[in-house]
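Below are the structure tokens for one structure; questions will follow.
Chain nomenclature is as follows: A, B, C and D, assigned in order of appearance, with residue numbering initiated at 1 for each chain independently.
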Amino acid sequence: ADLTIGFSQIGSESGWRAAETTVTKQQAEERGIDLKFADAQQKQENQIKAIRSFIAQGVDGILIAPVVATGWDEVLEEAKDADIPVVLLDRTVDAPEDLYLTAVTSDLVHEGNVAGQWLVDEVAGADCRIVELQGTTGSSPAIDRKTGFEQAIKGHDNLEIVRSQTGDFTRSQGKVVMESFLKAEGGANICALYAHNDDMAVGAIQAIKEAGLKPGTDIKIVSIDAVPDAHLALANGEMNATIELTPNMAGPALDAMEAYLADGTMPAKWIQTESKLYTAKDDNQAVYEMKKDLGY
Amino acid sequence: MRSTHLPLIVTLVTFVLAFALCGSQYPAILSTRVVANLLTDNAFLGIVAVGMTFVILSGGIDLSVGSVIAFTGVFLAVILRDTSMHPLMAFALALIITTAFGAAMGATIHYLEMPPFIVTLAGMFLARGAAYVLSTDSVPIEHEFYDVLQGIYWKAAGGGRFRLIGGVMVLTFIVGAIVAHRTRFGQNVYALGGGPQTAKLMGVPLAQTTIGIYAISGGLAGLAGIVFSLYTSAGYSLATVGVELDAIAAVVIGGTLLSGGYGFVAGTFFGIMIMGLIQTYIVFDGTLSSWWTKIVIGMLLFAFILLQKGLIWATTARKRRATGSAALS
Amino acid sequence: MAGSTQGLLKRITPQLIILAAALLLNVIVFPDFFHVDFRNGRLFGNIIDVLNRGAPTALLCIGMTLVIATRGIDLSVGAVMAIAGATAASLVVDGHGWFTALIGALATGAICGAWNGVLVAVLRIQPIVATLVLMVAGRGVAQLITEGTILTFLNPGLIRLGAGTILGIPTAIVIWICLGAFVAFAVRRTALGMLIESIGINEASSRLAGINSRVLLVCVYLVSGLCAALAGVIVAADIKGADANNAGLWLELDAILAVVIGGNSLLGGRFSIIASLLGAMIIQSVNSVILLSGMPPEFNLVIKAVLILGILVIQSPKVSYLWYMLRASGPQPQPDRKSPRPRTTPEEKTQ
Amino acid sequence: MTEQTAPTGTPTGTDAQDAPMLHAKGISKFFPGTIALDDVELTLHRGEVHALLGENGAGKSTLIKCLTGAYKRDGGVITLDGEVINPASTAESQICGIGTVYQEVNLLPNLTVAENLYLGRQPMRGGLVSRKRMVAEARRVLRDYGLDVDPGEPLTRYSVAVQQVVAIARAVEMSGKVLILDEPTASLDRDEVQLLFSVIRTLKERGLAIVFVTHFLDQVFEISDRATVLRNGRVVGTRVLSTVSQHDIVTLMLGRQLEAKVHDRQTGAAGEMLLEVDGLGKRGMLEPFSLALRKGEVVGLAGLLGSGRTETANLLFGAVPADGGVLKMHGKEIRVGNPREAVRHGFALCPEDRKTEGIVGDLSVRDNIVLALQARQGWMRPLSRAKMNEIAEHYVRTLDIRLASLDMPIRLLSGGNQQKALLARWLATSPDFLILDEPTRGIDVGAHAEIIALIETLRQQGMSLLVASSEMEELVAYSTRVIVLRDRRQVAELTGAEITAQNIVHAIADEPARGVA
């Protein structure tokens, strides 16, 4: 019989998130799965409500993209009591491992690390004053990507983060905050920008251009996510590097789920997705063409 | 039936009708599981909505409650992580802080004659800001006492779990209703909503009542924060963003007028249930995209408001014809 | 009107003082704050940023002031911004010109405003609830238009509206100043201002005096919708893309705050658009302090809350009355305790 | 003028109780631009009804508010029962035993009658408010005032008059020592007034001191023992009423003689037909009625409270949409579905409830006066500032509105002056058909005479008027025709020489044979 699977998505706060939703729906359709989609509007309580409703409805399996790591024990236990397997997408949770089947995620700290490492290699010992555009204050990508980056540049005294402010993961805030960085530090004194996501980087690029500087040349830019617009910027030489966070978490997740439901195969507890580094050397135009219809 | 009870009855009828309608489409909605979920999942929202009802009845508004819930959660988590304080002590401390915070807002509103909207907006920034300063990270709570509290539930036939926090909410509603309708303080709240200047001439102690109202709202937001921390076993500074709007919507759907003076605490309960039902229905449907979810929530909100308007209009029109009250509309 | 310039000056004095204080704070954290130079064909400097970044709030608070004067409130403006931005973006992406896109966006804004107006004026739904409907649903509509993505566009005409310049001045600044001046002028040179105030203070009396309160209410919400649409277009043009999810998010609160800092009562009645615009600039100056101070972002909200509380306390009628008492001597009039409205403007007491 | 001491002003006063119940000395109160009270002294004895008199804006209401703590006074000492009191709020003065009815009905529209009556001192049982007892007691108390209302219903279901009675009952219940009534009879009818007076007499016997403010001098002389007269915020004299005449009091109030104007009413031929109403009515509110009105006619509407006078006015003006009926103006059928259309056809309505349906409180007096004219002109054609000033100043002069400046918000005017400003608002539109609902409510003796004269002048200029009033003498003075309503129905019409107070009373009481014959 056809499977019915509930998917509790955080919301649609960014292009990447929208792409993840699109890809998940595509993946489910390819497999003939009836996907029940619930958008939580960025609220954990809504996600918990949705999961409880899925259980009440008697679905075969549940996918969750948890908005935050904590607070899932109780509801996961209920799912377990009802014999419904749960797979986590793009973030793990602070709950006993037996409460979920597996987690398909990237490593957020690792992403920050890759970005930092790239910058370390890129400046090759020269002095570099870095400005940082953080994600939404308190969100785990913001915290982890900051941590990873700081780990990577630790011990390299030539690299220094001189200003760090939140850009709320949005393009317009990225632009606004970058404008203030440029004025507060003076454009010439900034060597590199690290943005916690591409949207903020794209906004910042415009601010840099309006200040009469050349993004990618006067100020090096590295960010995370690899959304289509970032590839375009890379292709135009306005950006230097981005680290991919694949929106296809559902593929491996549904594979694991199907296998488990078919014959009880237990997958590994953590399926890590690749954090690929894209730089100007890659054929970004081609990647852009490929990605632009994914719903980013 | 008194004509003043009409909005309450309308809300009740609306809820029953909607529940039956949803049930006819998805029979699983009529299970004890869904009923228990409605109570458990909306417990914290229901508790703040009781406080919000008082505030709105008095003609005010409290935008800070969502942030206060988040603050309470983070505060409890940090205290329980960093000290060896017993959770009950921490609860008491949290309640004292949030009540005092509410009272301070009330005092600002009264003594400095500033509009509640703005004072509580600043309170909203302040409480969330304080939560950030305590911890930006989400802090898990691991304490056996929490496990004990979370372990208290009654499992009904059909798999529904009626948990402690749902009970706390129901109790809050009962106490809230009694305070609103059967105490002098409650009557003073209504009086304030009818017109502060008139109420003052009639001898209502304005300062005491205003401060009391916002203290209650703050304290109940604190209680909701405790309930929320039991619900998620964590404190998170980004939690419950925008809950104040949900609470206001629930109060209004429950038949309370935002301009103050008219409404019932019990109505708010059904307001909460109606909103919970909307969400449950959307999840059961499961085909709506992110954007259609928003649009449908908005449209359903609109439909409920219209239904309410229509019912009130129809009944008062009949009544007008019957008794001939000469109110100028 | 005769003597109105002096009256206006008196009315906005508190806002001017506070704005000066907020700017001074900026200078303290960043001494070069007032430095402006000409770079890359445009004026470049922090003070220009304040004017430029304050544009969306300023535009919103023009309409919001009118709505609040009628004792209403418009929570939907943020969502309307998103809708309008998405409309404009999707029109240019479909190959239409920037002018068509602008008109299309304004038309959507007008429709949204009219919808709010009809709910409030005809169906008699309380403004905060009526506009809550669009606040919740509107963002969904915007995402429906962009299909959840950030709709990027390259149309230079449209981009110029947000990121371009006129004679070296960023377009957004020109737009909000012109529109603000126009609306402020229009309501005072016609009888509109008085009629709007009248329905805000006592709608029953106004109706009995023969004022068409319904049409007037719809119009006021319509103007608010139009202002929001313009703000939406500017925000989208600024980042060359329509971000349905984040454009104008929570900006309604800033707009309301601006109106209140402008000394307008949330209970309706007397209003001043100029004062609201100054309020918007005060908020933007506060934001600017936060950005320039270099404090960690965890403190943003606390700083903002404290500054705003300070501003409002200074403005509180009670406190300004104390000021007045401190300065003056001899037997003084008492504050009007009976006043059925909590806010009494200072000049009313001092005249 | 020097104050006349009245040592034996208290009929029931014994030597032991000779110390005054309440003594206020040197009371002062300043408003921006106005000295509302200047060194005012007021002495109230036990068991005394003390009238407080004065023109509109003389400071009566302000004095009362200073006594009860509703205003913070700028100077003066109040002693109650020998002790200095300093009430900072009305709540405190209530605790001291001072019960007050303020000038405008000050009750809460969202509460029920019983809740209003018992706010702050609800009967309790087991720590909780006992609603049942509250309603039962309210019913009992209100019955003493001749009100047979359901105390569990919202206050707003009942008319201003009923609300006024509830406010009085509340104040009486509150007052242990002093009862203050600020124009309590302004919207009451004779019978209600008599009921109120009997209550006052009872309280007087119990030894309460009662302050009574009114502009009806008959009532003053009927119930009061002494009177204190204010003019421009100063006490101009206190008199024992049994020793003075009405004429003396009026002279004291106005500071001049009031010329007795003799109206030689032209009862006969009026002008051409202006308005014909046929079958206008609303179910449950007013039986369909017909009315023909010529130019230069003043039709008086008489009736008891709740007889449907206000409803008639509202229906005609479109303030309440009618169920059916035809209106013809100058022989042509017109539609009056809302006030706006009415105004466009040259109608004007000065409503009964000036606080909620009349003034636009925060707008300046000037704006309030030109509001209806401006609304009719449309927003595109604003009146110039100069024109506004001209209109406003004109009416301030003709109607003698007392104000500090045209820029002050109208809510700061005294009650009577607000009423005059509203009249000005409608006169400014120079209507063809002017409806006045209780136009002299709260207006002082001098202005009262002037308004009666004004109505006559307007009539002579060819305006048609419909005036609803509870004052028979007034109706008799200006009406060319009187329509009597009872139970929401027109029951009689008096014309010409038939119009006498006696005939109207008979018609109202349904004793047809005697009077109209």
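Please note the rule applied: a residue touches a chain if its C-beta (ideal position, glycine included) is under 8 Å from a C-beta of that chain, and two chains touch if they have at least 3 such contacts.
The model shown is predicted, which means the values in this text are computed figures rather than measured ones.
Among the other chains, A has the CA centre that is most remote from the centre of subunit D. Here the CA centre of subunit B is 44 Å from the CA centre of subunit D. Put simply, the C-alpha centre of subunit B and that of subunit C have 30 angstrom between them.
Distance from the subunit A centre to the subunit B centre is 34 Å, each centre being the mean of its Cα atoms.
Looking at subunit B, one finds that residues 132, 136, 195, 289-291, 293-294, 328 touch two or more other chains.
Across the assembly, subunit D contributes 70, 319, 357 as residues in contact with two or more other chains. Contact of a single residue of subunit A with at least two other chains is seen at positions 11-12, 18, 21, 137.
Pairs of chains meeting the touch criterion: A-B, A-C, B-C, B-D, C-D. Residue ranges of subunit D in contact with subunit B, taken from their complex: 70, 89-91, 94, 100, 102, 106-112, 115-116, 119-120, 122, 128-129, 131, 152-154, 156-157, 159, 170, 174, 283-285, 310-311, 314, 319-320, 357. Subunit C meets subunit A in the complex at residues 30, 32, 39-40, 42, 44-46, 49, 53, 143, 147-150, 152, 163, 235, 238-241, 243, 245-247, 288, 291-292, 294, 296-298, 300. If you check the complex, the residues on subunit C that touch subunit B are 123-126, 128-130, 132-144, 148, 204, 244, 253, 256-257, 260, 265-267, 298-306, 308-309, 312-313, 316-319, 338-340, 342-343. Interface residues of subunit B facing subunit C in the complex, by the touch rule stated above, are 108, 111-115, 117-119, 121-123, 125-126, 128-130, 132-133, 136, 195-197, 245, 248-249, 252, 257-259, 289-299, 301-302, 305-306, 309, 328. Interface of subunit B with subunit A (complex): residues 26, 28-29, 31, 33-34, 37, 40-41, 44-45, 132, 136-140, 150, 159, 161, 228, 231-234, 236-242, 276, 279-280, 282-284, 286-291, 293-294.
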